[in-house]
Amino acid sequence: MIDAIIIGASGYTGFELLRLLALHPDVNVSSVTSRQYAGVSVTKVYPALAGYYDTLNFTDPKEIEGAKADVIFSALPHGVSQASVLPFIKAGIKVIDLSADFRLHDVEVYEKWYVEHKAPEYLKQAVYGLPELHREAIKGAQLVANPGCFPTGAILALAPVFGGGLYNSVMPVVIDSKSGTTGAGRKAAIETSFVEVNEGFKAYKIGAHRHAPEMAQELTALAGDEVPVTFTPHLLPVSRGILTTAYVWLKKPLNGALLHALYKEFYGAEPFVRVMEPGLLPDISQVRGSNYCDIGIYVHEKEQKAVIVSVIDNLVKGASGAAVQNMNLLFGFDESTGLTTLPLSI
Amino acid sequence: MIDAIIIGASGYTGFELLRLLALHPDVNVSSVTSRQYAGVSVTKVYPALAGYYDTLNFTDPKEIEGAKADVIFSALPHGVSQASVLPFIKAGIKVIDLSADFRLHDVEVYEKWYVEHKAPEYLKQAVYGLPELHREAIKGAQLVANPGCFPTGAILALAPVFGGGLYNSVMPVVIDSKSGTTGAGRKAAIETSFVEVNEGFKAYKIGAHRHAPEMAQELTALAGDEVPVTFTPHLLPVSRGILTTAYVWLKKPLNGALLHALYKEFYGAEPFVRVMEPGLLPDISQVRGSNYCDIGIYVHEKEQKAVIVSVIDNLVKGASGAAVQNMNLLFGFDESTGLTTLPLSI
Amino acid sequence: MIDAIIIGASGYTGFELLRLLALHPDVNVSSVTSRQYAGVSVTKVYPALAGYYDTLNFTDPKEIEGAKADVIFSALPHGVSQASVLPFIKAGIKVIDLSADFRLHDVEVYEKWYVEHKAPEYLKQAVYGLPELHREAIKGAQLVANPGCFPTGAILALAPVFGGGLYNSVMPVVIDSKSGTTGAGRKAAIETSFVEVNEGFKAYKIGAHRHAPEMAQELTALAGDEVPVTFTPHLLPVSRGILTTAYVWLKKPLNGALLHALYKEFYGAEPFVRVMEPGLLPDISQVRGSNYCDIGIYVHEKEQKAVIVSVIDNLVKGASGAAVQNMNLLFGFDESTGLTTLPLSI
Amino acid sequence: MIDAIIIGASGYTGFELLRLLALHPDVNVSSVTSRQYAGVSVTKVYPALAGYYDTLNFTDPKEIEGAKADVIFSALPHGVSQASVLPFIKAGIKVIDLSADFRLHDVEVYEKWYVEHKAPEYLKQAVYGLPELHREAIKGAQLVANPGCFPTGAILALAPVFGGGLYNSVMPVVIDSKSGTTGAGRKAAIETSFVEVNEGFKAYKIGAHRHAPEMAQELTALAGDEVPVTFTPHLLPVSRGILTTAYVWLKKPLNGALLHALYKEFYGAEPFVRVMEPGLLPDISQVRGSNYCDIGIYVHEKEQKAVIVSVIDNLVKGASGAAVQNMNLLFGFDESTGLTTLPLSI
């Protein structure tokens, strides 16, 4: 049994960590911090958790200074997270950072897209926490940078193409993603209020979303060559789920069955990637609440074009589920522990 | 052509007034005020209005001090509205107040449920702006208190029973209402954020909602005797619409056809009340965007019990549409002018 | 490890049984029948289940004639179910019937509301499967009649009042319920199509819903005296959840704290009833996907009136979760086995 | 005043024609046909229309054989529509066909994507009813082929690029579209039932959607050269609206302000195209219920790439509103008559 602390725990990824860890037999959540809710019981903020965390209150971050724990989950915003986790890293405690602070290896790229980095020396040491690409490195890491939600869906959709050297680099890579509203976090804002989002749909931050460099970093590493990414996020009027429609052109003609076989091979024993049969396409609902990434494949053989569709639950495989998967790897637990709940697809 | 000013215009009832008045041939909206958006163009806040109000900017309330206009619509919150409309009332300008400030005739009741009243002398003079009950008084009024959204649906559902002396006063009147989220106004708040409301449903403020005394006032006036109201509001995960399920017991046995006939007679020529055929029940969607109140009637003859279901669009018949209807009465326009748009039921 | 067969398994309650039983350590689902999908793999109809039931196909009901199993779940419609489960009952196999066929003890009442009963001799033997009221009887039963979704929410909301002799029988009991659309089952019909339900809300079958006599039967048994039930169901534009707002008048004045204490005592150790603190009211989202019934209590002491609000997930506590709970009781498993998944409240 | 007949009127586009034409001062709807609802009153099927079409019943198509009218709207499915409108065309009556039967000029293309064509001689004579491209031809037409919903959004998004000779033909054109569920029509089907669509999102018919050749036809005509189209439709859990995200690469570097100016010029006086200011992107909600197409423009100057986002209401500009606009052109009415209702954006 290990002790876990969640800092910045009052948001949706914090809730989701609590939801998942409640059923993890090897983890005890000893503290959860929240400036806003310090002193308030967890079940008051999240009545759904009644019966599971009845004695747990949010505490001010100050109260856990110097606290002992086996693992720290940081669900703080980028910029804030790096400073908050630093003392724990220095104390030798394993840290899983759900913010963007340690995802980009190149400090210049980070500072171009985000803010000044206060602990750039840890960027190289941090492991990008996508088990499907970096499982062994994660096992030995002290600091895991949990991937962004859009990058998770996009990279898993495209990794076999780029990792397999199939990409025609003359042509673009178009990543058109649609995310549920939990992706915007738990906050009071008119633009994420029910009335504004309901029955609506829009694109936003075209050419300006911070998750693009993360995709480029990982796809470039797979391809061994610079991959330009054209990325457009959209806001869906649903609570959970990201669907990514990725368009990529291939070096050589491949039919759908062949590309499907390559995907099946690439993801062979992965516990949380389900490659769908040729002709089938996934719906975000089929992974809701679960840690799965489901992938559908379409190939236009003559045009040497593939359209890959992936779906994840942005709060699970796109955030807290991946964090638990990484924790399982860090501590030698079975990788699926605490993550076996089936999708609540209807 | 008359000139209208809307104060507190940036919220949903303000938007709705603009939407409706854009098609009114006899009204020119000369100013719209908003502290928050002063200086911002209306179409920036509401892109839907592009092409209709391209030269109209929100102005600070100060800028309309002493302004001339034929009618003032106040879409300010209660408490604030009374002070803001007072100078206009004193200047002899007709005022339609969409807040609760002048709805209750009894200052004690107002102050029990709301706040201290600064202009109680106008409570008696104000006319409760439900044309189906007070048409003639509205025509001659200077100050119209536009009804609350829940009371509109509940009173229209029950008026024929109470007005017709059919109520068994030993038994309760249960008003179980369900409102779309625009009823909560346009604001940044976690509890009305998309994620909190979506796929949810809850009751709130049982026994403590400020619209209850308004229902009691009007039903009591109709009955000629004190009517106790048991009222529970609920929040629906839809944008628009209020459905009220009203339970009332009858003095004598009546069958459904008879009560239906009484409703048809009571609402005879009303332009915005549609009594449905016996056996049919309304859906909130069938009045969406329109000024209709549709009513369905169920009677259990043996138990001398009626269940009346009414639906309105809370922003139209429950707020801005009623305000335009009242304005038409005040200025002698045809009562339906500007209100002929059909429901967008799908 | 016991063997279970699900007949009529392709609908939503069938899916839900599969979802729950996949994580039950003591149950193996050996067969699932569906006339419509005979020969089709379960994961083709429900891609969410990929990885859990990869080798399971729906079979024609004929193929399980004479089959051996420890328990039969029937998710068939009423009328059809009674004939289908009869051979299994006669063969001594334990049966949990999710239809209405064995819920009403009185064959006349059944035949008034439903159809002719072909096996009325089993009505008396069947146990009404609400563990909170009939736990011991369920343990020893061979045939469990799983309660209806509306009755589950309504009875749990009101049982402490009626069981505690608090009801003022001069006054009515008003049960105003609102259900998500899964309650209508998995079917092709215009009235449950997305466009018709979305952004809509309506009452239906007032005075004519078949769940009313079920409520009356159980509340009458608790009260020891005939309880007349005024029941109105409504259709919510959400997938899962039933919220019941129950209005009841009390024999004597009680304040909220006292009634709350009586509810806490009544449901003391119940694993799946969570009575909320005074002043709090439940939202359907806080039980989504879980077997909980959460209850909020409002009392108007002077008027001797209580408004009780309960929420359940109609597919779990209102159907398949209750069925699993009953199965656990039938076979001596821990009552919560397979039902520990937390609510997916956001 | 002209007489109009709507054949195949019971679906959503039929409803929408009725909704719009109710406010058109120059049109009388004399008959509406529906095999399914023959003899049923229009207001029974659509209670929202009560008060507008109280005496209108659906009639069997046979009853209008040989009927006189000024214009026929066909809202029948493709394949069926061509045969049904032929007698009217031959009788010299103006026909606006909302099906796909006369949209494609090339019979081979039609028969490849649809079915055998029974009246191919009319393909050349029919005018593709997109006023923004073919206004003058529409005015003089007898047979107008009303455009498909996806093509309307996609063509309007891209016409200035292709019409302006800006397209880099080495690169692809990616059209990623997302449609509300009314696009699937009014029908009883599990895949469009509320529960299946709600909280879901999926791509479908990749590389196989029949609207792709329609886009190709019009964009090719504008470009003067074959335009290959990569088109992916998706299903949104909303009732109305199509958002199209179109990716196109430019022959030469252009900044956003320049491309914006070209769009403004291209659509100069168009009554129903609103080009948004640089930096702004449209939401489907801002055109709901209206005939507008709103367009947002993003340019990546260095990469010579543009992302154009358009929104329409699929039932209005994407179907029935366009049909009314075409009718106005055919009969010399002001082009906006009956189409001035503002968007119901919230």
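In order of appearance the chains are A, B, C and D, and numbering begins at 1 in each one.
We take it that a residue touches a chain if its C-beta (ideal position, glycine included) is under 8 Å from a C-beta of that chain, and two chains touch if they have at least 3 such contacts.
Note that the coordinates shown come from a computational prediction; the quantities given were computed from them, not determined experimentally.
In this structure, the chain pairs A-D and C-D differ in their number of contacting C-beta pairs, and the larger number is found at A-D. Ranking every chain by how far its Cα centroid lies from the centroid of subunit C, the top place goes to D. Chain geometry summary: the mean Cα position of subunit C and that of subunit D are 46 Å apart. For this pair, subunit B with subunit D, the centres built from the Cα atoms lie 36 Å apart. In whole angstrom, the spacing between the mean C-alpha positions of subunit A and subunit D is 39.
Contacts with at least two other chains are made by residues 12, 182, 195-196, 199, 237-240, 282-283, 285, 288, 346 of subunit B. Arrangement of the chains shown, judged by which pairs touch: all-to-all, with no pair of chains left without contact. Of all residues in subunit A, only 170-172, 174, 176, 178, 195-196, 199-204, 206-207, 228, 230, 232, 234, 236-241, 243, 245, 247, 249, 281-285, 288, 296, 298, 300, 303, 305, 307, 309, 346 touch subunit D in the complex they form. Within the complex formed with subunit C, the residues of subunit A that make contact are 12, 15, 19, 22-23, 46-52, 182, 199, 239-240, 274, 276, 280, 282-283, 285-290, 292, 294, 315, 340-346.
Put simply, subunit A touches subunit B in their complex at residues 12, 181-182, 186-190, 192-199, 237-239.
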